[in-house]
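The following blocks contain the structures, represented as structure tokens.
Next come two complexes, and both contain chain A; in the first it sits with chain B, in the second with chain C.
Let's look at the complex of A and B:
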């Protein structure tokens, strides 16, 4: 029962946070210099043209009125029409969400798997551990943009193993099967770029947690019973490292999205991040608010989920218990 | 030695065959890099270069521009101009059809001008809109433009970038700004739309019923959106793309070393042509309202350094307010009196009463510009620091720049790349005439007012005698070089690069791919 109550509380807090952030966002978007009319009208547009555009999007109405109608429409599930694309925002976002999720989730899965293995291995091998720690620190510090360019130069240009841009081959009009292969092929470099930094992060988390665990009584007991060292690490310790990694992964979503924006721009990947960055330049308010709203919701949801998951996996951190 | 001669003999026929293999062949796909998504594909309602770079290939206009920017037949097969230069009669090519099979007629031209271009295409509205009296359609294959007064630049401005012709049967009675046809365009052009996937690519296929026999050559034309400059270069080098219209100056040497690629330098790119990177002074504000201060700045800025350090030597230092790419209007040497001299600059600033303070600073000005001009701004900041002018750089994105400079006029100086285009009446006049001050973006940023200059521009527009027009423009350049509302820094040249087997691209025309072909 208290578990349900705390879950509800977490969800309610998340919802309140989302509303507050939408409010702030709305204010920020409208405070930014240079409105949609300037962005949209093209060069040399007359004052009338700009005014017509402003009027056609009801941007000449008082800001409070605009906010109320925005919230009212949002509540009805109407995300509005993009100023720049002149298409419904919901459809645009849905279109872009798929490539972004493909990118993020592939990178996350690889990073979790590789990071966990690296971290555990490092914890089990003192000398190797120092090396891994140094390497992960370095990898974590490398800018995503730079890593991406390096991969493009090496694996794309020099070796010609992978394409360097886009979601599909520009010259192909393939069937769904060949298109699937084509997309996977094009995804290799962007996913690798995004995964590298995340792998370093998860390796560091796994390494630190595993080293803590190795000092625990149960490990000493297992050693005393003569269980092989690798079985202790990959069996017992690994099991206790996993919850930490799961919550770290959920809390990591925001960072992953930030990385995705850069990777999408670099690799011409048609995802949410690029939709967002072009919406900023075009002052495309409906797209900005919709896409940000969705991202904020995703980040909040994942951190709420992280709390819940952590409680389930490790009852010691439950807030009700902590209060006692 | 013998071996080399043998080799030469063996290679000679090969070289000859390469030289003669200039006959275009049909077929193939060309992938063109574009920097940003067009957003929609209606070139009639926007002057935005991202729209025109892609959408112009779907349409035609009355005339097409050749390499020398002279008008050539497009939809109009021939034309006559009345003695006084106020009546233009155009006769159309036969058998022109829209992509949906509907026949094209003069009613489409009249409709497009009256309901779309003269209302929503900012440049055409301001240019042709001001002189047109009526458009008449005496026959389906004839259209007559009647002008209020002679207008020498008219023909050049009837090209597909300035005046694309849209299908009346799909636009009539609907708002052209929101018509869904804008995303599924129907033109008369050499290519038909196959698919438009936003932020990915626009794919076009050959229009088999194109009214120009034998054209186009390509089966497919793909405009691929790649936002990052480094990634654009790589896509060209790996062969994922065939043509890149704007090569990052820093990448030019690297591409030149690649034997699969051909590079060319042109004054015309998708953003416009004959561009001069220009410093605008806000004449409404002190201390730049003082001519001596502007003269001092002109003497203090090392334009050679900008050319060398920022443009990597590509382009040239501006020698007149009008680009050397318009040789008939350009007044060479108009700016020669402003030689680089920190000493002369200091004297002028002293004379203007701006003595250096204890810290050596005479005054502080802000410099607003796009982030792409950060490095030019840095050079200017360094140059002006030497004469005691402190520069605060304010990089703003496009929308914020337009608001700060043209709506609020909240700036001391700014950097704009002013493109002179194909004719000074559309590309130069807007910078100087007094009725163009205010909210019109990229117009008279300086807020320059000189009745004599206004008059000279009007006179130059009213005649199609190029010798006379030339005299007026030379006179304008003398006046503005005296008044210095701007400081013309460097003429930029765009480096383009393409896979060597890709031929026949026409970057000077909106009709870029009409004659392009892929050598086998």
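Let's look at the complex of A and C:
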């Protein structure tokens, strides 16, 4: 089965790329001036304290040895202990992954739906459609944190409709139902911010694809048969636009994660992005390697998945064509 | 056609305001923008049209001066990425299969890690210097341009005028410089505003997270100040972001006016 072989090859290439990046990151982290022992011990530590810290985290071993044992332990679920939080990294990341996924997946779902509708509408309407399409493309260049700040200032601080920071209200201790409502309530502004940016992206993708599809023979044939225009757009063209949106979503996961980090920081949303940026600023190497490794793995896995999904949803895209 | 002109015009207008303010900053706002000139947190009024910041510095003057720094580093990234993209693209298009494959792999590898995270990592470890950041962004920002140039160079490789030049004994490097580069430029130029916009967006995003160069007054640094004082002065969050937004949307509209109308995809900055 050539399809299985090419899938396996793509997975193996993805895994190799991930290992290479982890190795580069590991080397970069260890070559950095100062190093974790100095950062941990603080500005006024004695040499003995620094030495002790170096010893206890096994930072005095050769780098190659440290890397191999790091990857081996990672594979067993032991991602090390955070220098900063003094807690196992795997648990820390798992805890932060859930809010991030909640934020990203809700924004993605809204954006796919809204962007598809907007792009198809713009492609179907000669009058005004091109303008709407240009506007959505331009809207994608808006800084996501600025859009978030506007929503925060307007809907959060001025009108006081929605809370502007955190995952829950710390003053409330309720049942799981009220907690769920509270989380959804706090998620409105962050999800809306991220969804706006993503909608702009998917609308552009949907519009470009739909314009191509409308020029195809099957659309002319459907028109000749007297099928209503809206039925052609929402029935026939939409079906051919959707696979493009699915692969675009998978291929652009990195973009979604970048947006999520900024939105999480703005709304103090306790997610993976904030964990990563604080780990970088605190020189918390185990957290950094773990969180970065997970993010890179997600990006690689989704782009491998994009190729597979593309051939599944549209058999006309042969594996050798998809590889280009 | 009319739409294209409209896009061009509105892009140029949006870009014009921040650009003019940045270029004319020393004339319009003489004096050091870092010097306090009034009370902190004055809301926008006649004397300070955009208000003052947490240290009592005039925000309008700071924005104009910061624009110089931000636009300069954006231009530097764009130049670097354009040079890399055009030269590596032409080399890959003209070279044998081995070098071509090598450059293609290099493109694949540079696109695996999202640029933003790579830049965040680099600034955290190399220190928040703006030149280092510009170098990182140029080194990661050339790929989509490079792919475009490579495809065009490959199709030009067998064009009669290129074959003729090679048969007449012209060296590969002179064919690349005299025949291929001028012919790929019309394709490459519309990409430059997008490279510019994504450089500005990434730099501002890094500053927003607190990983910017604090010694260099840029839009990003003003955005970071606004982020930490959103509650006390809405204008500190609103205006620096607005300057950035006008510039980036203006750049995108310029690129959109250039590219094929149906293909807004080619006009998305990669951030």
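Simple rule for what comes next: the second predicted complex is superposed on the first by the 314 of 324 C-alpha atoms of A that agree within 3 Å, B and C clash if a C-alpha of one lies under 4 Å from a C-alpha of the other, contacts with A are read in each partner's own complex, and residues count from 1 in each chain.
Note that a contact is a pair of C-beta atoms (placed from the backbone, for glycine too) under 8 Å apart; a residue touches a chain by one contact, two chains touch by 3 or more.
Not measured: the values here are computed from a predicted model.
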{"item": "Clash-or-fit label for the pair chain B, chain C on chain A", "value": "clash"}
{"item": "First, second, both or neither for A:84, with chain B first and chain C second", "value": "first"}
{"item": "Contacts of A:212 with chain B and chain C, given as first, second, both or neither", "value": "second"}
{"item": "Which of chain B and chain C A:130 touches, first, second, both or neither", "value": "second"}
{"item": "Touched partner set for A:296, first chain B, second chain C, both or neither", "value": "second"}
{"item": "First (chain B), second (chain C), both or neither touched by A:50", "value": "first"}
{"item": "Contacts of A:157 with chain B and chain C, given as first, second, both or neither", "value": "both"}
{"item": "A:76 touches, of chain B and chain C: first, second, both or neither?", "value": "neither"}
{"item": "Which of chain B and chain C A:21 touches, first, second, both or neither", "value": "second"}
{"item": "Partner chain(s) touched by A:92 [first = chain B, second = chain C, both, neither]", "value": "first"}
{"item": "Chain A positions touched by chain B in one structure and by chain C in the second", "value": "32, 149, 152-153, 157, 265-266, 280-281, 283"}
{"item": "Contacting residues of chain C [partner chain A, same complex]", "value": "3, 7, 109, 112-114, 116-117, 120-121, 124-125, 197, 201, 204-205, 208-211, 223, 226-227, 230-231, 234, 237-238, 241-242, 244-245, 248-249, 251-253, 256, 261-265, 267-271"}
{"item": "Chain A-touching residues of chain B, taken from the complex the two chains share", "value": "29, 31, 36-37, 39-40, 46-48, 51, 120, 122-123, 125-126, 177-178, 182-183, 197-201, 203, 220, 222, 224-228, 230-231, 234-235, 237-238, 240-241, 396-404, 407, 430, 438-443"}
{"item": "Contacting residues of chain A [partner chain C, same complex]", "value": "17, 20-21, 25, 28-29, 32, 130-131, 133-134, 136-146, 149-150, 152-153, 157, 201, 204-205, 207-208, 211-212, 254-255, 257-258, 261-262, 265-266, 276-277, 280-281, 283, 292, 295-296, 299-300"}
{"item": "Residue numbers on chain A that touch chain B, as the complex places them", "value": "32-36, 38-39, 41-47, 49-50, 56, 84-87, 92, 95-96, 149, 152-153, 156-157, 160, 163-171, 173, 265-268, 270, 274-275, 278, 280-283"}
